[in-house]
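Each of the next two complexes has chain A plus one more chain, namely chain B in the first and chain C in the second.
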Partner chain A sequence: MVSYFRKNYILLITLSVFVALFSAAAQGMSQQDFIITLLRGLAVGSITFLVASGFSLIFGLLDVLNLAHGTLFMIGAYIGWTVFVRPDTFVDLLTPLALIVSGFALRDVYPLLASRIRLGLRMKRILPWALALVSVLILGWILPRYPIAYWDTGNFAQSPVTYAFMASQGTRLPAPLAAFTEISPALGLIGLLLASLVGAFGLSLFASETQSTFRMTWKNFIGFAILLVIGLVGFIFNNALTAFLLGLSSNWLFLVAVIVAMLSGAGLGALMESILIRPLYSRPIYQLMLTLGLSAIGIEMVRAVWGRPEFVMPKPVFFDGTGAGCPATSFADWWANNCSTILLFEGRVRVYNEIFIPLVGLVVLVSIWILLQRTRLGMIIRAGVQDREMVEALGINVRRVFTMVFALGVGLAALGGVLAAPSMGLSNVMGESLFLNALIALAIGGLTNYPGAALGSVLVGLIQQFIIKYGQIGIPIPFTEIIFKPTPPLVPASTVLLMVIILLILPNGLLGKKE
Partner chain B sequence: MEYILDVQDIHTFIGQYHILQGVNVRVPKGSITALLGRNGAGKTTTLKSILGLTPPRNGKVILEGREVQGMRPFEIASMGIGFVPEHRAIFRDLSVEENLKLAERSKGDYLRKKEFIFGLFPDLERLISLSGTALSGGQQQMLAVARALVADNRLLLIDEPSEGLAPVIIENMMSAIRQLSSESTIVLVEQNFLVASKLAEYYVIIEEGRSVKEGNMQDLANDKAAIHRYLGAA
Partner chain C sequence: MTQTSISTRTAFFAKHRASLGVLLLLILMPFIVGLFNGASPATVFVNGNGQSKFIQGLAIEIFILALYALSFDLIFGITGMLSFGHSMFFSVGAYLTGIAIKSFGLSLPATLGWLVIAAIIQALLFGMVLPRVKGITFALVTLGIASVFHIVVMSSELGPYTGSDVGLQGVIVPDFISPANERLRFYFIALTVLILVYLLYQRFVNSPTGRVCIAIRENEGRAQMLGYNTFYFKLAALTISSLTAALAGFLHTLYQPIVSPNTAGLGFTVTALLILLIGGVGTLNGALVGAVVFRLLDYGLRRYIGESASFISGAVYVLFVLFIPYGIVGTWRLKSFQIKQGWERLLGLFR
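Here is the complex of A and B:
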């Protein structure tokens, strides 16, 4: 115990300075202001944590700095919005997406197939490109003709902004149903499947491995079969599914949106790691360029699909009650009326933003902690952060764990995105500032330290919200008449300043270990 | 003679450096074979090349009749190789028990082998919940060897088991390795010739990335000139 104090005295002093600062801040404002600012800080911290923890898991195990993480956060938000506001579009997209991805689920099988084909050197070089080209051509021909009920960013009456507004008014419009007119359904489905298989095979040839102990088992076909079933079910029961989702209460629909966004994020992460990042493990600079490029591409794609204007994601009715009995005065009261706000210590607190989001953050914090500490996967991750080579030498397929961790990290970012959408709103740049916050939080907490990510995120959230609050009420400077009001530019500056100070005192961050 | 491992003329590059320039090692089944040589001769790289951690560019690695060069390390290890690396590579953030459990290749390996492992290293049993950092050098070495025993490994690659250990602990380690050799074949890298000569039946000398001499340990131990020529000391 004593040795713990002796070893970590700098950390303990730093932390107690923080506690002192926060209690000083509490003296300077009314109790209700303090509580609200505290909760807001925790909320911002929670969203930051969802991005930061995924980033830090990926960096810790894979040594990949995923600069696209903020963009993936944003994409999660847009996907969640689509499911929540336009479930019909989501159902229409289900089939083509499942079919296009299905080919990649067979990636373990392709090397075997490739080793059976004997080709000349020149053919070997051409074949992957040829296959990729064929796949792109098929997709390019079928996709524009595949019926998907869709918004129109060029037409304001049918733009996402309008749909978002109408959904927030509680109207779900009966969307025009899309139907196969230009191509026959069979041609569409088979074409997409073919394009997927050909394209995935071609891509796998680019990164062909020399030799493998691979043996064909039914396990390699599970993912493929699942995706195929999803695709077919989505196709056959298209209208029923749409009607079902539109008929759901917005609470359940919100849950569906969160789950879909998370899973899509995870799937996107898995594809990104196994196709794009895997060939670059030995070239860190190229990884940076790749993820930076992907980030830019992602932003432009979001602009092309959802348009530039910002719009909102309505809150589920569970958190959106107004009128009689609101604001709620206690949690029992809130449970009865589902008010959007609740009175805590005489201050009005928004239930979704300032209570629900921090709670989800806490749940994620604990679940990932349990995953890391109590499961075999977590054990492999913790060991792999220190020494990947040795983990592999024990006979563990580290690369598969890499894919899982990448999927997990991106899934967490997407979860953060969809959770933040109702409180932050959706915009093309929502990922960037948050990603910067997350990086600062990690630098503060210790780059690859999981509790450090949580601590750093909460500190960043708190300091931002307190500075914003003091921008409104002002800080009286002692012994003078001056009241100092921090201006908005000081908000991001304050977090960077915090980071600089902490890194000067503790170069590895608060909880980071010495290298 | 039946060879469990047959390394044929491997060449390994690390970056642009041509580290192994033709190494041949044949390991008879059930034996202890020592890789000897000066610092930087390429002994550790040879072990890593067998496992695929530093994959050889040319040459063959034949494990129980099967060519394994070019396979991924986890695939090679899963065929039944336990690896005890230089500097032990104990996982610091894992407890002693977790370090052992991590090495399971099928569920229940650890429970099955527990008794045998703690019989060999009684010290580890009482340290079971400590973290990897809290161990002394000798305890870490025991854990590193124990970790290689959790799965059913027919071949153990042990790198410098006596490095940095007190003489008493080296004695313990040697008797443990001797006990293990009744169960599995062992390839040992050892700087300390005295330790190597007491343990191993066969030797291969590696010099500047090439295997230059092999044979019975007994013969080498009597050949003072060769020892002086290849190993400098003794």
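Here is the complex of A and C:
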């Protein structure tokens, strides 16, 4: 016990300083202000935590600083918006996307195929490029002709801004309809599948690994088959699916949007890891640059597809009730009326932003904690964070775990994005500021420490919200008449300063392991 | 005696043929561009040719970027410290110059004097955290310090001095190097500064101190074991880098009509990283080549493609990382070594 105090006295002093500051902050404001600021801080902290935890898992196991994490958070938000506001576009996109990805699901089969092909050295060098080129050409020919009911960023009446506004009013305008005109449907589908297979084979040849101990089983084809079925079903029952999704209540649609955003984020992460980052494990600094470049590309893609103006994502009905009986006075009352706000300690609290999001954050915290502590995968991840080479030496396929963890991390970021969209709104730069927050939170809590990520995120969220609140009410400085009002620039500056101070006192963060 | 001096002189010319050729080309470039545009060298000399002036302007921007990239190469490529706050080194120079001239009416030498003091102070500020944090934590701490500076520059309280988020405007440059009227002179001054700094850097990297810096990049623990106090070497690299970047900022303020707060942000540090990646991390030539390629690529894309230029530049970035990881200069060195070997093998057949 005494030795514990002696070892961690700096940490304990820092934490007690925090507690003191926190209680001092609580004295300066009324109870209802305090509760609301606390809840807001927790909400910001939860969103930050969703980004930070994925980042920290990836950094801990893979040693990759994924600087594109903020961009992936943003992409998650935009995907969620598309599913929620324009389900028809989502259903139309399902088929081509599933077909394009399907080729990559066969990646275990390609090395076998490659080892059967006997070619000269020169041909072996040309072949991957030729295959990739063929694939790109086919895609470039078919994709512009593939019909997708799509918004039009140039036309204001059909822009995402207008659609988002109409959806928040409860109506959904029909998007411009689309149908195959220039090519026949069968040609389009087969062409996409072919392009995907050829392209994936070409890319796998770039990696050129020979797996001698490989056995062909049905397991290698299951992902491919699932994607193929999804693509075909999406194509054949296109109208029925669209009608079904439009008929759902917005609560269920929101759930669908969250799940789709998470899954597509995870898929994007898996693709990124297996294609782009895997060749760079031996050159750490280049991963950093690669992810920076990817981040720029991602932002530009979002700008091209969804346009530059900001727009909102409507809240699901469950959290958006107004009218009779609102604001609710108790949780039972809220359950009956689904009010958007609830009165707690005489303060109005927005249910979605300040109660639902922190709850989701808590659920994610606990479930990932269980995943890390109680499952085999979690055991491998924890062991990998400790000593990667040793885990490899024990005969565990660390590659596959890497891909899984990367997918998980990016999926968490995308989940954060779609959850944050109704409260933050969607913009091209929403990822950057949040990512900076997440980095600061991780540096405060300890870069590879999972509870540290949660602690840091909550601290960052609380400090920012308290400073914003005190910017409105002012801090009376003791023994003087002056009332100090923190200005808006102090909000980011305070967390950054806190990070610098904590890193100088504890170089590994609050909960990070000492080296 | 004369024989040896002549032979050493020819050896010098033979060894530095390429660099001297580039230098000559850079000196003659304004006049050549003028000739292509149908203006005599005399017209160019009195800044009468628009085309030549434009090319000079582009070249000056490249020189400033090259200075900035060189300074980042010294701490990142040579000493191996990844700093995400490097843009602060540049923008402190830029803002201080603007404020000193505009708000305090200082002369250029006095401004330079203050600049040196500020550069050393900020190097010490970064150096203060050096013994505590290493690697990625150092990157985060420097990012933090630089973001605080960015926020301070952007804040409305300092608006009269820094112009907050609009940027610092209306710096009156002394007539004898005003970039509008005396651009050719400015061009040569920038070129001279770049060459001097480059030579200094070359000297530094090849000196015993520079060797220790490279040793720190390769393996810091080992350098410590050999008895070097690595802290002082890192601090020396930081100080030189800070001085150079401040000098680049100084030139930037004199040349540009506006100092944007973006020069203090993370994006500008990324620019330096990008330049080094294109040119080749850890090679001094790479910083120069990278600056040329980066600025021309940026200019061309913005002019002919427009808004979505950063998509292309991001893609170029990714392709460089995947396929030309050592940058242009690094790859060139590898290849030229192979080509030289092959050439000698070929010559050996006839011998």
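Throughout what follows, the second predicted complex is superposed on the first by the 506 of 515 C-alpha atoms of A that agree within 3 Å, B and C clash if a C-alpha of one lies under 4 Å from a C-alpha of the other, contacts with A are read in each partner's own complex, and residues count from 1 in each chain.
Everything below uses one rule, namely that contacts are C-beta pairs under 8 Å (C-beta built on N, C-alpha and C of every residue); 3 or more make two chains touch, one makes a residue touch a chain.
Everything quoted here is computed from the prediction, not taken from an experiment.
Q: Check chain A with both chain B and chain C modelled on it and let me know: fit or clash.
A: fit
Q: Looking at the overlay, what does A:Met301 touch: chain B (first), chain C (second), both, or neither?
A: Second partner only.
Q: Tell me the angle subtended at the Cα centre of chain A by the Cα centres of chain B and chain C, rounded to the nearest 10 °.
A: 80
Q: Under the stated touch criterion, which partner chain does A:Leu119 make contact with: chain B (first), chain C (second), both, or neither?
A: neither
Q: Where does A:Ala20 make contact in the superposed view: on chain B (first), on chain C (second), on both, or on neither?
A: Neither partner.
Q: Check whether A:Gly293 is in contact with chain B, with chain C, with both or with neither, and answer first, second, both or neither.
A: In the superposed model, A:Gly293 contacts chain C only, not chain B.
Q: On chain A, which partner touches more residues: chain B or chain C?
A: Here the partner covering more residues of chain A is C.
Q: Given the touch rule stated above, what does A:Ala179 touch, chain B (first), chain C (second), both, or neither?
A: Neither: A:Ala179 stays clear of chain B and chain C.
Q: On the A-aligned overlay, A:Val429 touches which partner chain: chain B = first, chain C = second, or both, or neither?
A: neither
Q: Can A:Leu133 be said to touch chain B (first), chain C (second), both, or neither?
A: In the superposition, A:Leu133 contacts neither chain B nor chain C.
Q: Just how close are chain B and chain C at their nearest CA atoms in the overlay, in Å?
A: When the complexes share the chain A frame, the smallest chain B-chain C C-alpha distance is 12 Å.
Q: Could you list which residues of chain A make contact with chain B in one structure and with chain C in the other?
A: none
Q: Which of the residues in chain B end up touching chain A in this complex?
A: Against chain A, the touching part of chain B is residues 51, 53, 70-75, 77-79, 83, 85, 89, 91-94, 98-99, 101-103, 105, 147, 151.
Q: Spell out the residues on chain A that touch chain C in their complex, using ranges where they run on.
A: Spelled out, the residues of chain A in touch with chain C are 65, 276, 279-280, 283, 285-286, 288-290, 292-297, 299-301, 303-304, 436, 439-440, 443, 447, 487, 489, 492-493, 496-497, 499-500, 503-504, 507-508.
Q: Touching chain A in the complex: which residues of chain C?
A: 82, 129, 132-134, 136-137, 140-141, 143-145, 147-148, 151-152, 154-157, 270, 273-274, 277, 281, 308, 310-311, 313-318, 321-322, 325
Q: Flag every residue of chain A that touches chain B in the complex, lowest number first.
A: The contact residues of chain A facing chain B are 209-213, 376, 379-380, 382-383, 385-387, 389-399.
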